[in-house]
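The two complexes that follow have chain A in common; it is paired with chain B in the first and with chain C in the second.
This part shows the complex of A and B:
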């Protein structure tokens, strides 16, 4: 097993739970902590630094089930965001609250009172979204809608073009880090299909660092099942003979993550002279992120000109950014859910003080504003410029954040191949592979691999891991 | 004197402009937002029939038959399945009519073909069929009815339009143990809303 993010951990657990004593699993992963792109670290002062802010959503059935089996009490690990999210509409300069609580009728009734849009635009938007929900829930194959972006999909169904500029319409692009890019209509419809009830749409924040609250207990469960987990192993190339992987080139990884100086972009940094070929396996299940896969065996023209690998190069990824601003005093207004719609590379923010158990009553901390977004368009901006712009943009929500007494800021950009996020652009589904590869004993999993969930989320990664593990077991005749 | 004042004003403005132009611009702490235009809601200028629209039109109607003119009202709901193909349903009622003529409440449904979608002026042909209740407060007879017609739309804004419509209502109903033909040319006009 390569990788110990949500996909790797779920796949390894599945292999051992389903395969029983006939299966032995060795997990190698790059970082010194578990969690992959959802990992967290602690700096020298003990402060938590997340790869980026993550939330869980009510429809994450496979992840919740995995947490349950690992002994994680959901109510201890997660806090409900009370079904609320908040949307800043630059058109009227106000912040509007949306709630998914109650039944569908209650949600629809509240939407009729959402005054961020003029009435006629609201009616037009509601009518098109009703059609989108109907199609999403119809059971028809939604991949057929992947060829256009969601903006165009809606305009083709009568949405007036200017409505696409309202923040409420941009919400899903922001949530999936697809702004300024467009998002595939399939991706949005699939999201609607997953979140058609209030329970399924409920948002949860983690009450502490993800690695400590979620991934470490799952890792401990995995070790109890018999797996061996080896951190700081950087996989660099495949070694194959015919249609079988016979070795994996790997080395001792230098420290990676937001607390370390970023290495030059490219392959994971390896301690010089430590590269070796890992062998002694029957099957390899790789959960490497796609931007890493596309750096492997680059000199092998035959491999990269094959139809399977060549199409992987059509898929793009996004550089996500994370910013945490800790203030001494609380802002004048507090928002329970994520707040979005502000012009900034950081498309949303959550005040994590109320959700983080260790911070809830901490003196001298007024707010822990945790921002997320993607870098596109801001690549040449310095961190100071981005910070200044963000603090200025979010004034309608928090006033002058500088006046709250900034205790600490931490910003990082996830630029490395192993940090980047799959971009669910229109038309991308045709290039997204399934778990099987041309190598008979190599399987792929990860949020970028086709799976039943489909959307780019931890649940998609976990589900992909389960599906790949099932295929591997079937291929091995061990299921 | 006036010319001198004007020259002085022009000179003052020119000097002020020069001073402002040469003054060091206040340095922004960050470059301009590369996506600023994405947050501006454009003017709503798109008019015309498009796919997915739901039209609701209501207004007075004049029905002209052999016995003279009748006054009534009608309302139409029309769902555009494609930009040029709609499914419409109309409810029509004759309120004021010459003596001896039946009061009709008709409900019909059928396809419509829009020939000028996406434009400020649109024309559509339709063919509806359905049933009408004849003299519902008296003998109360049901009558099958067909209604071919033509509608002209003039869009005012993206969500409202004026519609003028002409159609032929034809049916046969029973009265006093005899079959009676029903033929009316119905002209109507009304305000339409599109969501």
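This part shows the complex of A and C:
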């Protein structure tokens, strides 16, 4: 098993739970901590740094089941955000509250009353959204809707073009962390399909650092099942004979992640002289992110000109950004749930103070504002410029954040290949591979690998891991 | 490719692509659409009007930047 993020942990658990005594699992992964792109770190002062803000949604059945089997009490680990989101509309300068209570039909009906839109546009918007909810709930395969972005999908069905400029459309892309990039209509419809009831659509924040609350207990469960987990292993190339992987080139990884200076782009940095070939396995299940896979065996022209591998180069990934601003005093207005619709690069924010167990009564901390977004278009801006712009942009929500007494700010950009997120732009579904590869004993899993959940989320990665593990076991005759 | 490679199978041949059948179905679907487009009167009359612009774009001369979108004009 390569990787110990949501996909890798899920797949490794599945292999051992289903394969029993006939299966032995060795997990190698890049970082010091478990969780991959959903990991958290501690800085030199012990403060938590997350790769980026993540939330769980009520339909994350496979992840919740994995947590349950690992002994994680859901109510201890997760806090409900009360089914509310808040949408800032620059057109009227107000913040409008959206509720996911009641499921698909109730939400569709609620769109008819969304007061962030001028009255004359509401009926038009509600009619198109009702069609979107109906198609999403029809049970028909939704991949056919992948060839346009969701905005265009709506305009083709009669939405007046200017309505797509309202922040409500940013809300509809909120789940994908790479907005404001246009998202394939398939991915938005797939999200609507997954959230047919209030319970499915409930949003949850983690009550503490993800790695400590979720991934470490799952890792401990995995070790109880018999897996061996080895951190700081950087995989660099495949070694193959015919259509079988016979070795994996790897080295001792130098520390990576947002706390360290960025290494040169490309392969993960390794301790010089530590490269070796890992062998002695029958199967490899790789959950390496796609931008890492595309750095491997680059000198192998036959591999990269072959149909399967050439297709992978059509799939792109996004650089996400994370910003945390800790203030001494609370903002004048508090919002349960995420607040979004603000200018890029940080389109949304959640005040994590109210959800984080250890901060509930902490003196001297008024708010822990956790912002998220993607870097595209802001590559040349310095962190200081981005911070100033963001504080200014969020005035309609919090007033002057500087006046709340800023205790600390922390910003990072997930630029490295192993940090990037699959970009669900229109038309890329045709290029997403399934778990099987041209190598008989190599399987892929991860957010970018086609899976039943489809949407870019931890649940997609976890489900992809399960599907790849099942295929591997079937191939091995051990299912 | 060595003799042992041939014995084991070539992972880089089109036949080794695990998504081959799925993609073939996609291609056939598109071919059907192209045939339908080819028999429209405009095409029959030799119309060379460019592909329609994305209906979401604010200006008619704007073009969709998403490479695999139906409206991408690249």
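FYI, the second predicted complex is superposed on the first by the 463 of 479 C-alpha atoms of A that agree within 3 Å, B and C clash if a C-alpha of one lies under 4 Å from a C-alpha of the other, contacts with A are read in each partner's own complex, and residues count from 1 in each chain.
Assume a residue touches a chain if its C-beta (ideal position, glycine included) is under 8 Å from a C-beta of that chain, and two chains touch if they have at least 3 such contacts.
Fair warning: this is a prediction, and the values are worked out from it, not measured in the lab.
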In the superposed model built on chain A, check whether chain B and chain C fit or clash. fit
Looking at A:428, would you say it contacts chain B, chain C, both, or neither? Reply first, second, both or neither. second
State whether A:112 touches chain B only (first), chain C only (second), both chains, or neither. neither
Who does A:377 touch here: chain B (first), chain C (second), both, or neither? first
For A:161, is the partner it touches chain B (first), chain C (second), both, or none of the two (neither)? both
Which of chain B and chain C A:90 touches, first, second, both or neither: first
Quick one: classify A:437 as touching chain B (first), chain C (second), both or neither. second
Quick check for you: in the superposed arrangement, does A:343 touch first (chain B), second (chain C), both or neither? first
Angle at the Cα centre of chain A spanned by the Cα centres of chain C and chain B: state it in steps of 10 degrees. 60
Of the partners chain B and chain C, which touch A:120 in the superposed model: first, second, both, neither? first
Smallest separation in angstrom, by C-alpha atoms, between chain B and chain C in the superposition: 8
Overlap of the chain B and chain C footprints on chain A, residue-wise? 156, 161
Can you check the complex and tell me which residues of chain C touch chain A? 4-14, 16-20, 22-23, 26, 54-56, 58, 64, 66-72
Would you pull the chain A residues touching chain B in the complex into a rising list? 90-91, 120-121, 123-124, 127-128, 131, 156-162, 165-167, 170, 179-180, 343-344, 377-378, 381, 384-386, 388-389, 392
Contact footprint of chain A on chain B as seen in their complex: 29-31, 33-36, 38-44, 46, 50-54, 80, 158-159, 195
In the complex formed with chain C, which residues of chain A make contact? 147-149, 151-152, 155-156, 161, 164, 182, 240-244, 302-303, 305-309, 311, 314, 425-428, 430-431, 433-434, 436-440
